[in-house]
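A single structure is presented below for examination.
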Amino acid sequence: MAVASITVSETPLVLYTLRRADDALILGHRLSEWCGHAPILEEDMALANMALDLLGQARELYSYAAEVEGKGNDEDKLAYLRDVRQYRNLLLLEQPNGDFARTMVRQLFYSAFADLYWRAMMKSSDATLAAIAAKSEKESDYHLRHSSEWIVRLGDGTEESHARAQTAVDDLWAFTGEMFEVDAGERALFNAGIAVDPAGLRSQWLDTVSGVVGEATLVLPSNDWMQQGGRDGRHSEHLGHLLSELQSMQRTFPGVAW
Amino acid sequence: AAHAAAFQARIDAEERIEPNDWMPAAYRKTLTRQISQHAHSEIVGMLPEGNWITRAPSLRRKAALLAKVQDECGHGLYLYAAAETLGASREELVDQMLAGKAKYSSIFNYPTLTWADIGVIGWLVDGAAIMNQIPLCRCSYGPYARAMIRVCKEESFHQRQGYEIMLTLARGSDEQKAMAQDALNRWWWPVLMMFGPPDQVSQHSDTSTKWKIKRFSNDELRQKFVDATVPQAQYLGLTIPDPGLKQNPATGHWEYSAIDWEEFKQVLAGNGPCNRDRMAARRKAHDDGAWVREAAQAYAEKRKRRQVAQAAE
Amino acid sequence: MAVASITVSETPLVLYTLRRADDALILGHRLSEWCGHAPILEEDMALANMALDLLGQARELYSYAAEVEGKGNDEDKLAYLRDVRQYRNLLLLEQPNGDFARTMVRQLFYSAFADLYWRAMMKSSDATLAAIAAKSEKESDYHLRHSSEWIVRLGDGTEESHARAQTAVDDLWAFTGEMFEVDAGERALFNAGIAVDPAGLRSQWLDTVSGVVGEATLVLPSNDWMQQGGRDGRHSEHLGHLLSELQSMQRTFPGVAW
Amino acid sequence: AAHAAAFQARIDAEERIEPNDWMPAAYRKTLTRQISQHAHSEIVGMLPEGNWITRAPSLRRKAALLAKVQDECGHGLYLYAAAETLGASREELVDQMLAGKAKYSSIFNYPTLTWADIGVIGWLVDGAAIMNQIPLCRCSYGPYARAMIRVCKEESFHQRQGYEIMLTLARGSDEQKAMAQDALNRWWWPVLMMFGPPDQVSQHSDTSTKWKIKRFSNDELRQKFVDATVPQAQYLGLTIPDPGLKQNPATGHWEYSAIDWEEFKQVLAGNGPCNRDRMAARRKAHDDGAWVREAAQAYAEKRKRRQVAQAAE
């Protein structure tokens, strides 16, 4: 009987790195689904750009997680041979693209966080994470600007685009709280100066997002209930379908090089 | 008539024609058609490869494929820009394509069934495209020639990537080898058709040659491609699916069997395996995106009005 | 290195049976995608019914193919461990569901054929195929009636439903020719009385389909070009995605019982 | 008042109330709400299991799962029909649900993440449903009682199928066992919540009991369920995720830890993992199907007019 999925020794640093790698891969994968289907060619370019940035981040983070783990895993094993319950990405990032407004709202919510997060992580005592952060921060800054510009255009565009953008904000809002949650393992990494506490980024994140949403003549929901589970592998039903596609080749042809 | 003679003299002297220069209406029309068809091909060409982005078998391949498809989109953009220098708007050209009135390369009407097809497209489809496009880098129309220089540089990078995918498969497991051979079997003849009908029946070539838009005949380029490709296939250990293929000891050329031009005509007429799917995908992207384009325009207009109002205060 | 896909010794009878099994599985799978998403609850029931009939046919046909082959394969190995190039179904049946009109036109085109085909196959000299045919004919008869009734309702319903039904007819027409094509291996089976030549069913099929389409105030396309390839594993791009979903569990967890 | 007394006397005598019988407005309202919520639950309940139809790991399981989900749709249909005998139309009831004004069982707001969830849903969710529904087979309202008899028969078939899936996993590979345990861990507490709030805070129960719609309290049914389930889990070799679970030697009952009713309230209020997805899926099916329903109606009307016209000739 062949082995199905790999096991990962999830020490705090491995798990921490893996969670960020999964974030980048899953959002990058979602963005790549637009390729060839965007509303204008310039957006085909821009969405692919953002997807490529995120795939690049994912590859570095997976490689580092594999290195820290030291059990012979590598970027591809970590990406292609873990099942849905082993994935640790934020629920926000696995949500389907929906229409262009939904894709851009997802991007705004995440990039506004990622930009602050990576900037803070540039001071990590872990040199590899600090280096990844420096590159990722520049990329997130562009993603944030790009998605902000679109949210303003859509929100303050036509009646239809306004309604679509507002629906997207309402539907995705409950997934934003998870970005600021941490567990005990992560807390230990803050104390070691390796990681940063995202709770400290929340008010600045809210300022950024409120600013964009306000300029877009949209409103943030008043419902404060926030959904969680992604960090522990309790995902929505969407991720399993994404993975069955993402992993189909590696699952069908196990153990060969491509 | 004096204009026409001076124009032809510039062409003959290998000078570049630029957008504001005088040019015959037929030259403008021919180039607009050719450049826009080329642009459409880049855009429709995103679809068969795009079909594998979500299933690429490694993260490295996934990133490379996505970057490649993005490059194709970029090529489409330069080419539409080049066509616009001739007075046609991108919107109008795209509408013609979506209405089924403008063509794109028939090769993109074949499906990508396995990962090896991504390798074969890079190796052979991009290889054939480069063969067709290198002479266009010296095309008499400046903006087209310059666009092609950039396109060719990127295409040869893609071509090497495709060949490297094939090499990995050819040196891989039995299943991978079989996958590579199968893809070659399916794509070989359609790729040879990419050079267009045989010289005896080819249209447009006479004036295009006179105007130095076209510098080699279809059959010349096809032969050049076959000669370059056969040794590559041999190196991969793959068999070209043409039992009649043999090297002419006198000329050194690889002679190939007769091409099924009936299939070519059918695909061109809309009866290829993916014609309907390709058009449906492009139309859907266009239709689904309409509200986004409208919103962007509405916002731009509002903003302009606000700036005018502010300036008036 | 684990084995990816099985190999099948495709003798004429194995291949013949496998092609029909793939037809039933792929169409059944497509119909099952509607489950929970149909326009009315009664159609959720009806589409699931048809899907179940087809899954049942697929299981019997796969089991028989495996028995004839005699190499230790079984219904699940044949369904879950062949790749896209090994699948032999008609291209018509792998086409995406699209809207309800497209699903029903696909069903009409196929059932009008299947009903005639299975009726003829009841006289097969192969007792197993004859028995499968007897059951399948009854089922196809219902599928034909059900889809015919809907095509008439949609074609002769509203302007919108008429347009959607006509588009579906136009788009799917080119896939109907493949039902009547045969290769040398199949021809040998006709001569042995095991199989029937579908070419002989074509005019009756056209009568049935023309009758329904005419009553629906729709028209059949005049384009006679017909697409082929499914019987030899040259599919549309849609089948690969269908299989990555259909096979995901067996590919992820090879060799275990469920 | 005489009506009311006679009505209660019939209830007390265990007679069945039928659609044309006199009944109190509150009885009608309570039953309409309960039966329609039950119908909505069957329909929304198609979604979590439907999520695995296309990925079922064997053809036998695929057919069984599809048949099961189809049965649920059938239950929805009988139940809407039972509600219609009380004077509410299916359309109106469905509209209330799609508008978010009518509830369905909160258990369907949890996601099915692995194949083992399909086993657990059959074993525990259907098991709990049966526990709730068996007493309803003796409900005072005839059409509801008769619908429940049919539903319960099918549900116990589903429950056995679910248990058999769990048994296969529990006797399978390490990964399969882990998958089974994980699914049990995630579903256990939400399943216990299916019996509703604890008796001290439960609404509706008083009149429902008097009218013999409800015959056991929430806590009684929950205890019955736990007592039946613990030995089944033990047989499977799975651990119920409740470290406080222990058998009371005096009563023989399995005592469980406190339930997190805050989670229950949140999910009920719309804040569960899949509330948005479930409503979105049902609304999309409804909206996408509008043109089909309109076409069917337009055709039926045309046909009627034609028949009238023919009859008039």
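Per-chain numbering from 1; labels A, B, C and D assigned in written order.
Assume contacts are C-beta pairs under 8 Å (C-beta built on N, C-alpha and C of every residue); 3 or more make two chains touch, one makes a residue touch a chain.
Going by UniProt, the chains are A, C = Phenylacetate-CoA oxygenase subunit PaaC.
All figures in this text were calculated on a predicted structure; none of them were measured in a lab.
Trainee: For the interfaces C-D and B-C, which has the higher count of C-beta pairs in contact?
Mentor: Taking the two pairs in turn, the one with more contacts turns out to be C-D.
Trainee: Using mean CA coordinates as chain centres, what's the subunit B-subunit D distance in Å?
Mentor: Taking the mean C-alpha position of each chain, the two centres sit 57 Å apart.
Trainee: Could you please state the distance in Å, as a whole number, between where the Cα atoms of subunit A are centred and where those of subunit B are centred?
Mentor: Inter-chain centre distance comes to 34 Å.
Trainee: Where in subunit B do residues touch at least two different other chains?
Mentor: 55, 173, 175
Trainee: Can you list the residues of subunit C that touch 2 or more other chains?
Mentor: 1, 4-5, 83, 244-245, 248, 253, 256
Trainee: Chain contact graph: line, ring, star, complete or other?
Mentor: other
Trainee: Please output the residues of subunit A touching subunit D within their complex, sorted ascending.
Mentor: Subunit A reaches subunit D through residues 1, 4-5, 83-85, 171, 174, 223, 225, 227, 229, 234-237, 240, 244.
Trainee: Using the touch rule from the top, collect the residues of subunit A that touch subunit C in their complex.
Mentor: Within the complex, subunit A touches subunit C at residues 1-2, 4-5, 83, 241, 244-245, 247-248, 251-256.
Trainee: Give every residue of subunit B touching subunit C within the complex, in rising order.
Mentor: Per the stated touch rule, the residues are 48, 51, 55, 111-114, 173, 175, 182, 186, 266, 269, 271, 273-274, 276-277.
Trainee: Which of the residues in subunit A end up touching subunit B in this complex?
Mentor: Touching subunit B from subunit A are residues 25, 29, 32-33, 35-45, 48-49, 51-52, 55-56, 58-59, 62, 75-76, 79-80, 99-100, 152-154, 156-158, 160-161, 164, 245-246, 248-250, 253, 256-258.
Trainee: What residues of subunit D sit close enough to touch subunit C in their complex?
Mentor: 43, 46-47, 50, 53-63, 66-67, 69-70, 73-74, 76-77, 80, 115, 165, 168, 172-173, 175-176, 281, 284-285, 288-296, 298-299, 302
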